[in-house]
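In the two assemblies presented below, chain A is common to both, partnered first by chain B and then by chain C.
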Partner chain A sequence: MLLGTAIALIAFYAPLDEDGLNQKIFYFHVPIALTAYACFGWGAWKALLHLWKGRPGADLESYVSIHLGVIFAVMTLVTGSIWGRFRWGQWWLWSSKQLVLFLVLFLFYSAYFMLRFSVEPGPRRANLSAVYAIFGVVLIPISFLAIRLASDYIHPVAFDRHGPQMSGSQFLTFCVSLAAMLSLFAALYHLELAGKRIDAHLRELRELIG
Partner chain B sequence: MSGYFADVATLARKDLLLELRGRDTLPAMLLFVSAALVIFHFALPSGTGELAGLGLLWVAIVFTALLGLSRVFVAEREQNVLDGLVLAPSDRSAIWFGKALAALAFLALAEVIALPLFALFFSGMDAATVAAVALADIGICAVGVFVAAMSIATRARELLLPVLFLPLAIPVIVGGVGASVTDSPGRYFAFLALYDALFATICWASFEYVVTE
Partner chain C sequence: MTTEEKYVAAAYLVVFVVLLAYVVIMSAKVARLERTLAELVERVKARG
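And then the complex of A and B:
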């Protein structure tokens, strides 16, 4: 936890020497987006472990990871929207492919929660959630490809978006920020996992007493 | 292996036979898609262009498929047959395969009426669109039957099917609309084929976990 907040502080502090306010949000937006991918990937990996090895607890770990992934995805949408507002003057642009992808992923993983909370806790729920989580990591590249293809007939003229040409100091800040976001994820992951486990233990104890 | 395909064929035939006797799903799909096309006629002001019509055709296909998919496991649920099917001495993925084939047959039959109707009402139909519809149907049915099996295991049941299915159907829409409206549909076909192959494989491999505990 301390490590996460410490690096996050550096991330808050470091970009101060960069020019322009909208440039700064880049240091949040992109690391958050990458962290969201990492969350979904980690969740699918745990789901695979659950189905394949039947490891106890993998289901809960997968759920917590995807839960955090959705939070990071929402943050990506919000920061991306703000970035788009300052850069292109509009809150939402269908031509920014990453944002559209995150909208699709947000819809997909929101359905994950509906699925999960609509099934009684137990092995059935764990299996269904795990299968759906694995669908997610297949959907990410497919959707990415689809959005790229769709932009050809929706926007025939490609949006002129000069990519982030990063200098050394910018790249360093970016890396620190990415590390901060990833460790923030790790810290939250362990925190929530611990909370859920305590919750489960408490429930077991209560059932034993009652 | 031939035993596996015999199981699949038996399961698909059972569904088709039930539909032939009961006739609940297919007429509903036909009426739905016809009514939807009429609604689209009034939803598109003149001058909107035929491209918009082609886009809406894909909306109609996905929602018609959704209507059929919501019925896929209803008979099993009402008669509690699913447990019997799961306990039967065959591979569980055969259930998915047979159901997907039956759903594909229903959807194809509905489209045999819907596509000429669309050509009549709107701007005609080219071979690329028909081919794209055929390719998309495979993906829609493969994923749709899988998601339908998930949704009947939940408390929300039919409510959950569109919520789970539509995000997964977005790539199908992209491939289909792309193949219909652009001049070079080749890569959209390739994309649809990729989608079909990829998702059919995962569905086939993981269906066992959906129906067992």
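And then the complex of A and C:
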């Protein structure tokens, strides 16, 4: 419902600015990017809970969150590239620190799966994955702040120290889109987690039945 | 359709396709779980 409302607001309510129709990509690109940060942050928090309190299931929750974070990061990179192709005439700019830092964040968490699946299932895999997930979270504020601190200013800044740099209607549309993306993450997170838990229970049941 | 409209449509299409692919993969996994569950139920029934 939130997604439908967001699409309706983007299509019929949000006004166009100097960026033209291309600005409509912003309403999905930025909330998707923020959701990717939230996924990685949530994954790191669950990893910390696993290491700190040994909470059962925290490792699986961390894995699912990072998996979704990588999916949202792919969407961020692709929608951003499409926006850049129209605005800058190029799909990618290696000279832009912000873009490269987000790519590094994406590649770092993509490598998480290589690490995880190269270790036999068990406490060692869970602990190694958790440590890796926590290390990666350091990249989130760096990537987020790079957009604001970079000297080239190629990447537009929608929010600065003075608040949102957009009209009230644009900000409302942005907030609804962000809420829609965060809700989508929450829904997919619970769906995937439930699937993984059922799968684990079924494996256990199969072993018990013999 | 202008070039600008094509880029906007492409961006939204990418999001839609990625989410659709995710939902299709999840549906396939749920179907596999259903089959496994049905198989286990049959095995328990066969045991009596």
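Here is the rule we go by: the second predicted complex is superposed on the first by the 163 of 210 C-alpha atoms of A that agree within 3 Å, B and C clash if a C-alpha of one lies under 4 Å from a C-alpha of the other, contacts with A are read in each partner's own complex, and residues count from 1 in each chain.
The rule we apply is simple: a residue touches a chain if its C-beta (ideal position, glycine included) is under 8 Å from a C-beta of that chain, and two chains touch if they have at least 3 such contacts.
Since the model is a prediction, treat every value here as computed from it, not as a measurement.
Enquirer: Which holds for A:Ile198: it touches chain B only (first), chain C only (second), both, or neither?
Expert: Second partner only.
Enquirer: Should A:Ile32 be classified as contacting the first partner (chain B), the second (chain C), both, or neither?
Expert: The answer is second: A:Ile32 touches chain C but not chain B.
Enquirer: When the two structures are overlaid on chain A, which partner does A:Val74 contact: first (chain B), second (chain C), both, or neither?
Expert: In the superposition, A:Val74 touches chain C alone.
Enquirer: Just checking: does A:Trp83 make contact with chain B only, chain C only, both, or neither of them? Give me first, second, both or neither.
Expert: It touches chain C, and chain B stays clear.
Enquirer: Name the contact category of A:Leu172: first (chain B only), second (chain C only), both, or neither.
Expert: Neither partner.
Enquirer: Is A:Leu188 touching the first partner chain B, the second partner chain C, both, or neither of them?
Expert: second
Enquirer: Have a look at where A:Arg206 lands relative to chain B and chain C in the superposition and call it first, second, both or neither.
Expert: So A:Arg206 only meets chain C here.
Enquirer: Please work out whether A:Phe135 is in contact with chain B alone, chain C alone, both, or neither, and reply first, second, both or neither.
Expert: After superposition on chain A, A:Phe135 lies in contact with chain B alone.
Enquirer: So in the complex, which bits of chain A are touching chain B?
Expert: Within the complex, chain A touches chain B at residues 51, 104, 107-108, 111, 114-115, 118-120, 122-124, 127-128, 130-132, 134-135, 138-139, 142-143, 145-147, 149-150, 152-153.
Enquirer: Sort out for me which residues of chain A touch chain C in the complex.
Expert: 20-22, 24-25, 28-29, 32, 71, 74-75, 78-79, 82-83, 85-86, 184, 188, 191-192, 195, 198-199, 202, 205-206, 209
Enquirer: Mind pulling up the chain C residues that touch chain A in the complex?
Expert: Interface residues on the chain C side: 2-5, 7-8, 10-12, 14-15, 18-19, 22, 26, 29-30, 33, 36-37, 40, 43-44, 47.
Enquirer: Residues of chain B touching chain A in their complex?
Expert: My answer: residues 150-151, 153-156, 160, 163-164, 166-168, 170-171, 174-175, 177-178, 181-182, 187-188, 191, 194-195, 198-199, 202, 206, 209-210, 212-213.
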